[in-house]
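Each remark here refers to the structure printed beneath this line.
Should a chain be cited, it is by its letter among A, B, C and D, assigned in written order, with residues numbered from 1 in that chain.
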Amino acid sequence: MTRAARKILFLISALLLACVFWLGYSQMQPAGFVSGEYGDRVNQLVVPQRHITDAVTAVNFDIRGFDTLGEEFILFTSVMGVVLLMRWRKEPLRGDHEDKAEDRRVPPPSDAVRVTSVLLVPATVLFGVYMVTHGQLTPGGGFQGGVILATAPLLLYLAGTFGQFHQVAPLRMVAFAEAVGAATYIFIGGACLALGGTFLQNLLPLGQVGSLTSGGIVPLIDLGVGLEVSGGIVLALLAFLEELVEEKEE
Amino acid sequence: MNFLPYLVSAWLFLIGLYGVVTSRNLVHLCICVGVIQSSSYVLLLAIGYRIGCPAPIFIDIKPGTPAVDPVVQALILTDIVVEVTVMALLLALAVQIHKRNGTLDPNLLHAMKG
Amino acid sequence: MTPLQIFILLFVAAGGTGVVLTRDPASQAIVVSFYGFLLSILFFVFQAPDVALSQIVVGAVALPLMILLALARVKKQQREHDKSR
Amino acid sequence: MQANLFFGLTLVWASARSWLPVLPVILPLFTASLIAAFSRLLSQRAALALSLIAAFFTASANLSLARISLSNPIVYWFGGWSAHNGKTLGISFAIDPVGAGLAAFASILTFAALLFSVRYFDTARNYFYGLVLSFLAGMCGFALTADMFNLFVFFELMSAAAFALCGQKTEDPGSLQGSLNFAVTNTIGAYSVLTGIGLLYARTSALNMAQMGETLAHGPRDRLVMAAFAFIICGYLIKAAVVPFHFWLADAHAVAPTPICVLFSGVMVELGLYAVARIYWAVFHPALHPLLPQLRLLFLTIGVATAILAAIMCYLQRNLKRLLAFSTISHMGLMTIGIGLFTAEGLAGTVLYALGHGLIKAALFLAAGIVLHRLQTVDEIELHGRGRKTRWAAAIFLLGAAGLAGVPPSGLALGSNLIHHSAREIGFEWQKWVSFFTAAITAAAVFRASARVFFGWGARAGSPHKRTSKSEAKTETEAGHHHTPVWMWAPAIVLVSGGLLLGTLPGLAQGALTAAARFEDSAGYAAHVLAGVPLQTPVPNTGIAGDAWFGILVLLVAIAFSGLHLLSKGFQPPCKPAIRPLMLLQRLHSGHVGDYVAFLTLGIGAFGVACIFLVR
């Protein structure tokens, strides 16, 4: 099809689709007035029954925890896919960049960038850990904290110390941690089953409302998810990054 | 005014499709898929919202007070994770296509005819 | 619905349109980052702080970064491609 | 001592029972994460062995689930959040023989595909096996879940793995465009589904399918419900690759590695239709049953268009893999008709048809893989007469073609008999001729290709066409091109004979009819999931009248057609004016993702407007 023909076909189809949207959406309850009886029931029970103050975390990791299991494995699968698609050459995944990266011939970044980035690293790690561990109490959780943790190695990269990056997070360790994080979820679920509940049934003591250990299995799952997400994002970004680093070496 | 979120959601879906159909660069195309995905965030967000209710975090508010729907928010969270992962895969595919064919323009890729 | 919410919604609609209509991927990465930021504000004003946090770490940081890295790789491949021709 | 042993065994059995429902999902996923964690320590053989073991146990778990659920569906609540007063909080599986059977089928095909890939990816690392296992887990979860959003999650898990696997033959100098087209269209489909889920959630405030159905039945049947129906069904129809959403399938199959094609054609697209049937019967049927005649027409239109268009496209192909892919689309059209009759008989027929077709198509793809392995191309014209020595592939091709025609003991014959019978009963006598045409043309295409490749029939073409698929060459397998190893032909032979002899399994048809009747008992399903009331569906007792001649007639017509074609001209570039519409049709399959998405938009828009029109 020519570009013009494609555009005309699309505009006609989009008109039809717009009709579907218009006719369908016009019978919705207005936004802000939708009766969410499911959500109300969840809001009623999270604190008394689960000792979790962040209802979204409770839905994610307890009430609909099985969805999140699938979600974590979507991430896990995609990371495997990206790594496989990007590193397609015959040699196996290499973890030893140190020697090559040390003697790069690009001009090093300025001291100001260096210092700022390196100073930011502990702050980022701290913030990430805080977020992972407070998932059941305040907004945030394993996923958000995991992504923040994943940015720490990137700051190191910005500081021009890619070699150090590999020392801090050797690739094989990152890949291992990611897989272990993913397996943790299943492991916890299976442990609940072995203890006589159903899969992912929250059987641990629920703890004091508002404390770090409240919520039974939820903080444990949060930790696993944090590990998996941070590892996964680092691996995915590295897969995109790898050849660029080599280029700088040339 | 209360229908505005639905309209915005529908608009994002359609404009994203427009971007995909008319795209001349596969990276641009992947990002347009992301815009279609954001349409579903806005829709779900609007469905979960209750006028005048706080967020479902029961630290500062008393447990049991009416709050916005946490279930929908959990769905959006899943959705966001799916978005970033699918986007990573799409971008990886686009990079590989460029490596193979030397172009990102779908109009110039013609290996699949017939 | 408060005026702030309406305002942000309109901004999001415009932002999405802007992302689509920015045809150059490099500048699009910047626009997308801005759009991700707008969405996270939207989530925030609609009382979804959890989602807003996710959106800001993904939409405004991780995703644009991934796009930029992909583009850098494409650029490098383009140079090699031109060289070999 | 003996008492102890007995006690121990009982304990093991009891705990196995409690693990059984989750096993099909968590076993492959856990193995995948093990393989990823130790991807450097494990040799490729060890990873393969692990995946084979996981696939084997997943298959056994699914089979025993299917057997247990034959007496009554198993409802399994995750996290212990069961339903109260008809309201649900958590996620549940509702395992019935149809779902568990499909999951078992997926595991069996995965096993065969893994076996076939023994010498395949010397370049790829162990992540390949992790991806295949994730794919399997996604398919199993998809087939077993009873929750609308959970279905979406597993849909995405399955898709993410599929996108990566499809593009993974990255050493191949050919284009990867096919996998991008696949990924883009299916992702848009997923978001169409999510939009529909949002609309339904706004109306019902539930995500459990049974609860959604109950709530919808008591609410109005209005435009909102129909829009949600359209978005969700279209999203899954994109996966099922029916016209006009079918474009991605042929492209994806042309680039995907052979073992992955087996999974795509054999079971993944069928799962798209499974979702359509499941969602219709569990969620929409209580509300929409007065519209059944109109919906039936809608689905039959789509099915007929798919069957006929794709059959024609199939005959026009010269790349063996694309030919088989279009044949899959065409048979998907017939299955859409079977589902779209909305009868127990039609559904049972479709399930049997899907099993038979999946087995035979999987074997055919494996045979194409053998041809590619031995001769380094899958282009029919280039291969002219070169396949004389690849006897295994020739045998599988011929048997497979007979299977596609639907010769009697095959699963396709059994399935299409049931579908014909049901169609006749509700007044669609002509459905038989659509089926005749499709089966004959797709079988003829395979016959033509095998006659040309393996026996050198037809004129040797000094082909004016440019060589389309030379790029497929020299990539998939590393060495040993002079012979066909046993792990290549053995799975294919087992699959094709399984497909051809499926109809001889005693009790299969009756079991399928029972399962289908239960599947379609919406009220019983809801009561079973929400309140634990055992299903009391009356079991239909239709005598299955075999029409053996139909399949044989199709077979004869197919052989005659392909033979005449080859003897009269051989391959000739189409240039006569009569063929011009065909060329136009061929040009529509442009490989341009923009075109595909434009047609996709048209499909969703038209389907949606038609649905909304029904409730004006």
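Keep in mind that, in the parts below, contacts are C-beta pairs under 8 Å (C-beta built on N, C-alpha and C of every residue); 3 or more make two chains touch, one makes a residue touch a chain.
A quick note: this is a predicted structure, and the numbers were derived from the prediction, not measured.
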Query - Winner on C-beta contact pairs when B-D is weighed against A-B - result: A-B
Query raised in the report: What is the distance in Å between the mean C-alpha positions of chain B and chain D?
Result: 27
Query raised in the report: Approximately how many whole Å separate the CA-defined centres of chain A and chain B?
Result: 16
**Report entry** Separation of chain B from chain C, taking each centre as the mean of its C-alpha atoms, in whole Å
**Finding:** 11
Report summary line: Here the gap between chain C and chain D, centre to centre from mean Cα coordinates and rounded to Å, is 36
Query raised in the report: Of all the residues in chain D, which ones touch at least 2 other chains?
Result: 149, 153, 156, 160, 163-164, 167, 170, 199, 201-202, 207, 590, 592, 594, 597-598, 601
Query raised in the report: Which chain C residues sit where two or more other chains touch them?
Result: 1, 48-51, 54, 58, 62, 66, 70, 73
Query - Residues of chain B touching at least two other chains - result: 2, 4-5, 7, 9, 13, 17-18, 21-22, 46-49, 51, 55, 57, 67-68, 71-73, 77-78, 81-82, 84-86, 88-89, 91-96, 107
Report summary line: Among line, ring, star, complete and other, the chain contact graph is other
Query raised in the report: Got a list of which chains touch which?
Result: A-B, A-C, A-D, B-C, B-D
Requested in this report: Name, in rising order, each residue of chain D that touches chain A in their complex.
Outcome: 15, 18-19, 22, 26, 29-30, 32-34, 36-40, 76-81, 87, 89-91, 123-125, 127-128, 130-131, 134, 137, 141, 147, 149-150, 153-154, 156-157, 160-161, 163-165, 167-168, 170-171, 199, 201-202, 205-207, 222-224, 226-228, 230-231, 588, 590, 592, 594-595, 597-599, 601-602, 604-606, 608-609, 612
Report task. Report the residues of chain C in contact with chain B in the complex, numbered from low to high. Result -> 1, 6, 9-10, 12-13, 16-17, 19-23, 25, 28, 32, 35, 39, 42-43, 46-51, 54-55, 58-59, 62-63, 66-67, 70-71, 73-74, 77-78, 81
Report task. Going by the contact rule at the top, pick out the chain B residues touching chain D in the complex. Result -> 9, 13, 17, 20-23, 26, 29-30, 33, 36-37, 39-40, 43-44, 47, 71-72, 75, 78-79, 82, 85-86, 89-90, 92-94, 96-97, 100-101, 106-107, 109-114
Query - chain A residues touching chain B - in the complex, by the definition given at the top - result: 3, 6-7, 10, 14, 17-18, 21-22, 25-26, 28, 30-34, 36, 38-40, 42-44, 46-48, 53-56, 58-60, 64, 67-68, 71, 74-75, 77-79, 81-82, 85-86, 88, 137-139, 143, 210, 236, 239-240
Report summary line: Given the complex, residues on chain D that touch chain B span 149, 153, 156, 159-160, 163-164, 167, 170, 173-181, 183-184, 187-188, 190-191, 194-195, 198-199, 201-202, 207, 250-251, 254, 316-317, 322, 468, 471, 586-587, 589-594, 597-598, 601
